[in-house]
Structure formats: C-alpha cells, structure tokens
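Same chain, two partners: subunit A is paired with subunit B first, then with subunit C.
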Partner chain A sequence: MTLANAALANETASYLAHVRRKRLYGGALLALFALLMLSGFKLANDRNAGGFWDGLHRIFDFPAEIFSEAFVNWRNLPGLFVKFVPSLIETLNIAAVSTLFGALAAAALALLSTRGLSLWPRMTPLFRRMMDVMRAIPEIVIALVLIFLLGGGPVPAMIAIAFHTTGALGKLFSEAAENADTKPVEGLASVGAGWAQRMWFGILPQVAPNWSSYALLRFEINIRASAILGFVGSGGIGYDLKTALQWGQGKYDAVVAIFALLFLTIMIVDHISDRARARLVKGERAA
Partner chain B sequence: MHLDVRNVSKRFGSKAAVERMSFTLDGSGFVGIIGRSGAGKSTFLRMLNRLTDATEGEILADGKDVLKLRGAEKRAWQSQCAMVFQQFNLVPRMDVASNVLHGLLGRRPMMATLFNLWSEDDIARALAILDRLGIAEQAPKRAEALSGGQQQRVAIARALMQDPEIILADEPIASLDPMNAQIVMDTLKRINVEDGRMVIANLHTLDTARRYCDRVIGMRDGRVVFDGTPEQLTRGAARDIYGADASFSESATSTDLGALQPDDQYAAALLGD
Partner chain C sequence: MTAAAISAVPDLHQMVSRKFRHRKWRAIAAPALIAAYLAYVFFAFDLPGLMSRARPENAAILLGDFWSYKTHVTRDNRSGEVVSAIEGERKGEYPPGQAPDWVSLGEVTRIALPDGSEVLFLEDGSARLDIAGYGVMAMALAGRTIELNLPPGTDKPEWLSQSKNRVSINRGGWRFAMTPSKTEVFRYQIGWELFFFTLDSPFHGRSLPELAALALWQPRLDPALPNAAAMARDFWTNAMWRHGEVAWAMFETVLMAFLGTMGAGLIALPLAFFAASNFAPARALRFALRRLFDFLRGVDGLIWTVILSRAFGPGPMTGALAILLTDTGTFGKTFSEALENIDAKQVEGVQSTGAHAVQQMRFGVIPQVAPVILSQLLYYLESNTRSATVIGALVGGGIGLLLTQAIITQKDWEEVCYYMVLVVLTVMAMDSLSGWIRRRFIKG
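On to the complex of A and B.
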C-alpha cells in the first residue's frame, strides 16, 4: 500500500507547497495587523488633547490621592462599611432580579433562535435580530428613558439591566445549545414528546452547566452595571459613590469604602458561583 | 532497553488501582498486558509514561528510576516511550502531518512549534513515516476527517516520529472494527520486528494477545496474576485473570461475534410471554 519513491516525493512536495502557502498568508496577515495597530495608535494619540506618553506618569495621581486620604482617615472605614451596606443590598437585589428575569427570557429566546432546535425554524432570524437590538441599546439609555417616564428608583434600573441581559445571555445560551447533542432530542421525539418536553429533557440537562456559568458571570457584571446606574438616579450604592466622588476631597474615605465593598461582593459571588458550578458539573459528591 | 518494575503501586484514596506490581523486561519484545477493565492495565501504562504519578515503587529503565524524573528529564523520558491511546488522542482540527510532527514537540524550540514552523527535513520525515503506514496521501487532511483505523495509524506515526525505544499502546484496537483492528495490530507488530522497538500493549481480548505477543502479563484487581509466554496461557490461567467461574469460555473475551454460541435460553426468555 506504500507509495513508490517518486509518488512519495510528489506527495511531500505538494504538502510542502501547501505549508509554504499557509505560512505566506499567515505572515502577510500578521504584518497587516501590526501595521494597522501602529497607524491606529498614532492617529489616536494625535487626536488626544494631552498625549499618551506625556500623561502616562500621571495615571496613578488620582488613585494615590484617594488612597492617601483614606489611609489618614482609616478609623472611619468600619463605620462607613456599615453605613453603605443597606445600599449595597439594594444594588445586589437589582442585579439578582434582573439577572433572573433576563436569564429566563434569554433561555426562551435562545431555544427559539437556535438552528435545528427552534419551534418555528423560519422565525429564527427574527428572534436573533431581537436579541441584537437588546444588546445594541446601552443600559444607561434605557434607564434614563425609564427614569424620565417612571421616576427614579430601582425599578427602571432593573428593567434596563434585564433587557440588556436578555440580549447578551440569549446569544451565549443559543451558542451553547447549538453545540448540544441532538441525539437525545431525536430519542424524545421518537416517543412523541412535544417541543417544550424535548427542550426540557433533551437540551436543558446538557446545557445547564454552561448556561448557569454564563448566568453567574452575568450576575457579577450586573452588580457593576447596577452600581453604575446609581449614577443616573436609580438608587443603590452607585448613588452614594457618585455623591462621594462629586464631593471630592474630604469624602475619599467613603469612595474607598464603597470600592472595597464592591470588590468583596464580587469576590464572594465568584467563590459561591465556583462551588455551585462544580456541584452542577460533577454531581453532588464533588462539592 | 532493560526495564525493571519493582513494587509499583497506585492508590486513589483507599482503593488500589495497581498493587505492588513487579516484573522485568529485556530487549525488544512484544508484550501484552491482559485483564478485564478496571484491572489496572491503563494505570500502569500511564505511570510508565509519567502521565500519572505512582504512589510508591520504582521503574528502572537501564538502571535509572524513571518515576523520580522531573522537568526536562521527565520530558526526555516521555519522548523515549511513546504512547498510543484507545481514543487516538489526536488534535482533531489540525492536519494529519501536523499531528505527526507533534511527536517532536519535546525536542524543538517552543516558539517555532507554536507557530507550526517545522523544518523541511522534519516534514519530509513525517511524510515518509505516514507513507510507511500507507496513509501519506491523507497528510493535508484534518485528522477528524479520517476513519478510526486511519486515525490510529496517524497516532502510531506520531509515536514513530518520537523515534522511541518503547511504544506503549493503551487498548489500541478497542474502538476499532475487526478489520481495522487487524491492520493496527499488524502495524505495531511490524514496528516491533522491523525497528526492534519494544511494544507494550494493553489488550482485553485473549485471541489478540495469543496472536501477536511474545510475552503476556495478566492482571487482576491491580496485581500481576500471570506472567509467561502465550503458550503457557492455558484456559485455567485465563480463568484466573478474568476472574470467571467454571462456565468461562474463552470466546466470551473475543470481539468476534461468530465465536459465541447463540443463547437460545436468553432469546426465549425475551421473546416468549
């Protein structure tokens, strides 16, 4: 079955040509990429009022100012922690509720827009575009409009974040579902299961680890997002942060306390979600 | 190559996968390790290749304990004893020749390998090895596009690219149909005879072990229960290895369906109501 010498030489030459062609394309792409990056950086730096290199050494001035003041007033920090905990809980609540509603809506949209799984295959582009729109509109715009209509408070922030979460998670969920094995679905179809039953028993158990880890990551992102929305008047810890930052010197210990609380929260959420995911993937015993 | 295995054990918690295993190998034979699944065959091969660490014991290769090697020395040993896996363990999205060239990963500069920059000599050698195994024309195809038997031959080509003294084969034919299984076993035998490389293969069927091996080691529950030539592997010895009762028939370990007598009783129980 082995080739004659001439045939082997032929085969080797053609593979070498194939390798050289691939290397040429790869090298050309790399050169183009480096060129674009360089020219883009130059353009951006020229348009910058200050200039990258001139401003670089000043980058740490602001954090240094904040931390030096907080260091002097370190006795205030425990009191500030306690003071900000209620607004932190409000922020966490906004994030949790919006992640929950967003993830539920995302699950439905994701299954409806996945090739091969959809209930109405012809409608998949429609659901996909719906999710694109949800991702495209910035949360802060939706929140501002809703605050104008409904007045300030946590509800507009919740709706705004849930809207964005639906679009973002829907895309990730749909990609996870696309990679799921369709054999169980076929097996369930063969016993006469309906669409919802096929998804519930055939797809959900397969995608649950991925979906839940995406949703938990989104929860972390949403904590930050709901803190930011506090800046535009939806309450929570963001509102306190805005007040402290605008006050400037004299309130920097509050700024540090708020950042420390946010950091701790994210850390705890990350730890818990890690455990939960390990439990889900490896079963009860692993946790 | 002189291989001296002394009291090698592997325990997972309180459960022993391999328990005080000892034997010596000399020269370049074709060695089969047989036993039912869970007997510790795979764990032993993985320890020999240093994919898994042993709990205790030593394996002397030409006098040097390979279980104690670390870092560069450990990688040098791994490039000396190539491994062929049951599920081929190729990189499915890369082409066949690149997969074969991976056999050189331990010996070439890292940056060059990361960008897939192999010398033309290396590439020519990879193609020559593929040609020897009869699949040179598959070189530019993705590994995942090949059939199971072809993929296993690519894996053997990767092993040959390492120019190893020992080839370890962990159930090399368990995922293949009978015809491809024969091609793969014939290939391993040819490498053993023509190149004088030692081959240690985990097998779970007796007939394969009888046909290809110069020496058979039987394992049961992590212990060596048989060590001898295929001729010494009597029906009683096989019964010990597989832990079967008096009704044990050798054909039950074969993959050849025709070897089994039709079970009328079972069929009657299923169909009669």
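On to the complex of A and C.
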C-alpha cells in the first residue's frame, strides 16, 4: 500500500514537474514572441519615413479631406460612378479571364502532380516545384516585366495574375484530387480508357465542387490583385485611382467614387461567392 | 412489383429523360458561353492592337541581360584616354592603366573578341577592325565626319550601319560604335560580373581555393582586418550589387509580413470572442463587429495602402499596418467562425470543476481553436510575404521598392533577376518553415 502511495506521489511529482516545464517553455516562447513583435515594431518604425505615433492622429486627415471635398461636390458623384464603370468592368474582366486560364492550367498541373493519378509518376516532383515557383513569384514582377515587353494595358496584368493563380490553385486542386476515390479511375482503366478519359470521367466529377469553390475564392482574391496591378500601370480601375490621386485636390470626388465602387464590388462579389461556395461544398440545400 | 410502383415507371422515365436533356444542353451551353465571353474579352482587351504594340526586341534585351553582362572599352577621341568599365558604369570602372585580360593597352590598344575578331584603336585616333569571316576595315575621323574604308570589292554588310557621324557594328557577341567624340567596343559575356567583389576590392578576380587560403591562413591583405572579415565587408558593401541594402530590404519585407500578420492575429482574437454567437451575449455588438470585419476586408489593401501612406509616409511600418488592417478583417471572420464551431461539452466539463470564465476559455476553448488559428496565421504569414513585396512597391519599402526601381531603369535586368530569385527563395523558405511548424505543433 505504502509502495503504491509512494509510486503515486512520484507520479504526481513528475506530472507537476512536466506541467511546470511545459509552462516554462510556453512562457519563454510567448516572451520571445513579444520581444520579436516589439523590436520588429520599433525597427519598422525607425525605418519608416514618418513615425507611428506622429502619424496616428493624422490617420483620418486624408479620408476626412477627400470625403469633405466629395461631400461638397456630391452632385458629381453619380456622373463619376458612370464614368468609372468601364474601367471597373476591365478590372473584373482581368480577374475573370485570369482565374479561368489559371484554373485550367492549374487543373492540368494538379492532376499531373498528384500521386496515383499522374500521367508520368516520376515527374510529379518536377510539376510540384514548378507550381511552388509560380506561386512564389509576386504578380507585380511579372506584370512590370510584361509591361516592358507588351506595353501597358490589361494583358500584362491578366497574364501575371493567371500565372500566379496557376501555382496557387494547382496546390489546392492537387490536395483535393489526392482525397478523391480512385475506384472509378481503376474501373475506367479496366475498360481501356486513356489517361484523359480516366481523369475526365473518373476524377473530375468528384472534385468539381471543391475545385469550383477554390476557383471562386481565387476570383475574389484576383479582383483585388487586378486593382493593385492597375495602380502600377496596367489598366482598369487601379490606374484611374492613380491618376486621380496624382491630380490631388480637386479630383478627390473621383477618388471617393473609385473607393466606393471598389468597395461595393468587392463586398458584392464576396457575398455572392460566399453563398455559391457554401452551396457547392455543402450541397444544394445548405444556402 | 406493386401497382403503384408500376404506374410510377413512366413518371420516372420522363424525369430521367428530362434530366438527360438538361445535362445535354448544359454540356453544350457552358463551353459556348465561355467561348463567347473569351471572344468578347479578345476585343475588349484589344489583343489585335497589342500584337502591333508588342516589342519583341525588348524580350531579347531582357533575356540576354538576365544572365549576361557587357564590358565597355571606350576611347575618348579628344584626349585619347582608354577606359574599360563593366556595364559602362562608374562603379564598374577598371582603375587607370588596367583592363580586362582580353584588352592590351599601350600605344595601340588591341581588343581581342570572342569570334576571333580584333579591334585596334590606333595612335592617330583611327580604328582598324579585323572581322572574322569578313576582312579588315578601317575608319578614321575627318573633322566631324567618319570615313569608312571597307575591304576592296565588298558591299556594305547588313550588320553595319553608317551615317555621317556615326558608324556602328553589331556582331551579336560584341558591338562597336564610333562617333566623333568616342570609339567604343562592347563585349558580352555570360554571368553576373562583380557579384562578389568589385574591382577596387583586393579579392577581385581570385579563385575559390585562393580565397579560401587567404581567409584561413595567408597573411592579411588589409592590416586592420582579418581577411575573412574584409571579404565579408567587401561583399556586403559591393557597390554594384549592394548586397547589404538588398538583404535589409528583403528583411524589411519579411518584417512587414510578420508584423502585419501577427498584429492582426493579436487584435482579431479577442474581437472574435465578441463576434461569436455562443460567447457574445450582446447581439448589437456582435452585429457591429461583423460589419467592421466585412468593412476591413472590403476596403482593399490597395485603399488602405493609399490612406496609410498619407499618414505615415513611405516605409515598412505603413506596409505592415496595411496588411494588419486587411487581415484583421479576415482573421476576425475566420476566428469567430472557428469559435462558433467548438464543442460545448469540453467547456462544460471544465466548468464543472469550478473554473471561472477565464479558466474556461483557457482550458476549454483555446485548445480547440488553437490549431485552426495557428494554421491560419502561418498560412497568411507565407502569403503575406509575397503581398508585402507588392505593397512595398506601392508604399516604397522593402524589396518591392528595389524591384520596381530596377525595372523602371529598363536596363538593370540582371538585378531584377537577382531580386526575383531572392523573393522566390524567401517565399519558399517561409512556406517550408510554416509547414514545419504546422506539422510540429498541430499534428503533434
């Protein structure tokens, strides 16, 4: 009995020691994290042109300035909305086309880089690395290089976003394809179907809901990206925003109109795609 | 089969054939719609116009510049002075009286070129070109015009262009140009020249074993510093490639992503509790917070960047704050959804031992949501490293700024390539780091 008690006490002591050690590690990690955050903040602050504390009270100056000007010239706003709708459509077109092409390329790459499905199993690591690199190159770099080659306009942005989308969606697509049931593929193989047929009839019906859901999510992201790329010179509403900002005072009603259009578009698209994705993934009745 | 079942067969048949018809229609309509849309975009994006505006010759410049460099050998036709410089830049100039080994200086400057051709800068200011597979041509200055003498009995070749006061030759691997003020030879070579040490460094032009020997046991070249330290200094302060500044910029970019992501997580976590229906008693507050998250996400990073850079000026702090604001919205949404999906039993269990609210959170809730939160944070940290490059280009900080600056010059493509490689490597490193942390802490 005493022996058992002693063992229990021993056990308890070692458990408590374990807990203390865990807490110590947790605390140390937390302290390290806090230290990193603080020193990082200080460093970023020192390397910034204006300091954080100086700028903090000025954060609302610019919005206040543009909104008060837009408020005075509120009669211009409806006309400005109409004026910027074509560039908004261009931005949306860039996002849509690049999502379309990116998703198609991603589907091919994803199937080629999924274990068990690939046409050339030995090449899967190569396709994976390819997607990693495509994902890692920022869109802006490709867009700027293509602007040098092709001149301005929507096409450089489209290609740049499609390139990145291929890498990003390829990874997600391949993860979804990995979880697909391979029995239909085997069944198709047994009746002599080729690789493309096996994928088309065996895998695609299984992964289509997930893939479309990912593609929709990517479309949301790509709208934002195409607006940003417009800012560096490839068409769409971002370009209009840049010109309006460069003009400065007197054009602030245009800035407000663009902000509002961009904000509304993103909200609406987010909302619709949220619903559509819920339906796709959870079935018809979920939404 | 019962009577009811038999009577249902025609209905079933009808339903099935109707579904088939629908499917058939959809199978044709969807590709047709996409094709129509693409046709519309083809004209909306003005692709025919693009073909005419495209500058394929720029592609050749760019691709060549990515992995090669050129050395200029220039004679000032007034003073007669000959200078060799990498990329024609001051920072890449050879010290007076020195030149690459394929140039021999003297009364007559002899320049040996890769295809076996030779260019001579003669004492009288004229130039003699012995071009492989063609012959010898001479050109001399006569006042402001250039007299060109081709080998007898030959026509002007298509790689030579001539006007009254300019003769230029493009032979692919090298070029030659003569104007009244200067005579110049450009030779292209593969590689990133001066990547490690510039010409003014004593370590330039030494082989790897030589450098290793210098670093490890040979006497100091610079009495003030050990050789290894001097090498590090010369590399770090390389004027051509600016490794020190580039490393700082890359660090700044990662810092932006780190501060933005983690800051957003720190702000969003407590707010998410008030936005989750199973924790927040106040409906109005919940509704307000949700709209706030939607607003933060809806006002895109681009708009935040514009607004913030007015208040804080260019730099990494502005970029970090722009990331922080957008991601607070995203995290607020996903964290509060994660909190709504927790299992209430675990919290009840903790409650039954007499724990108070904070202890219930700590031991009942946090362990359930921690994996979701951690993996979200890590995923965004990686993706924000890339976004920080773009945001850096807009706010003027980090590697994004260097990249746009290098691209705008339209000639420093080798630097663009260098920065791109760095960004890709960094993003991939962040990717594998976050994957490692996820495996270590989430899957146990």
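The rule is short, and it goes like this: the second predicted complex is superposed on the first by the 208 of 287 C-alpha atoms of A that agree within 3 Å, B and C clash if a C-alpha of one lies under 4 Å from a C-alpha of the other, contacts with A are read in each partner's own complex, and residues count from 1 in each chain.
Here is the rule we use: a residue touches a chain if its C-beta (ideal position, glycine included) is under 8 Å from a C-beta of that chain, and two chains touch if they have at least 3 such contacts.
Just so we're clear, the structure is a prediction, and the values are computed from it rather than from any experiment.
> Looking at A:197, would you say it contacts subunit B, subunit C, both, or neither? Reply first, second, both or neither.
Touch status of A:197: no partner.
> If we overlay the two complexes on their shared chain A, which of subunit B and subunit C does A:266 touch? Say first, second, both or neither.
Second partner only, subunit C.
> Figure out whether A:59 sits in contact with subunit B (first) or subunit C (second), or with both, or with neither.
A:59 contacts subunit C only, not subunit B.
> Determine, under the contact definition given at the top, whether A:8 touches first (subunit B), second (subunit C), both, or neither.
After superposition on chain A, A:8 lies in contact with subunit B alone.
> Using the touch definition from the top, say if A:19 reaches subunit B (first), subunit C (second), both or neither.
first
> Where does A:179 make contact in the superposed view: on subunit B (first), on subunit C (second), on both, or on neither?
A:179 sits against neither subunit B nor subunit C.
> What's your read, subunit B or subunit C touching more residues of subunit A?
C
> What is the contact status of A:68 with respect to subunit B (first) and subunit C (second): first, second, both, or neither?
Neither: A:68 stays clear of subunit B and subunit C.
> Considering only the contact definition stated at the top, list the common interface residues of subunit A for subunit B and subunit C.
Correct list for subunit A: none, the interfaces share no residue.
> Flag every residue of subunit A that touches subunit B in the complex, lowest number first.
Going by the criterion above, the answer is residues 1-3, 8, 11-12, 14-16, 18-19, 23, 26.
> Subunit A touches which residues of subunit C in the complex?
Listed in rising order, the residues of subunit C that touch subunit A are 34, 37-38, 41, 44-47, 50, 53-56, 58-59, 62, 252, 255-256, 258-259, 262-263, 266, 294, 297-303, 306-308, 310-318, 320, 386-387, 389-390, 393-394, 396-397, 400, 403-404, 407, 410, 416, 420, 423-424, 427-428, 431.
> Under the definition above, what is the set of subunit A residues touching subunit C in their complex?
Contacts found on subunit A: 33, 36-37, 40-41, 43-45, 47-52, 55-56, 58-59, 61-63, 90, 93, 96-97, 100, 132-133, 135-141, 144-145, 148-151, 153-155, 158, 224, 227-228, 231-232, 238, 241, 245, 259, 262-263, 266-267, 270.
> Considering the complex alone, what residue numbers of subunit B touch subunit A?
On the subunit B side, the touching residues are 97, 115, 117-118, 120, 123-124, 127-128, 131-132, 134, 136-137, 139-140.
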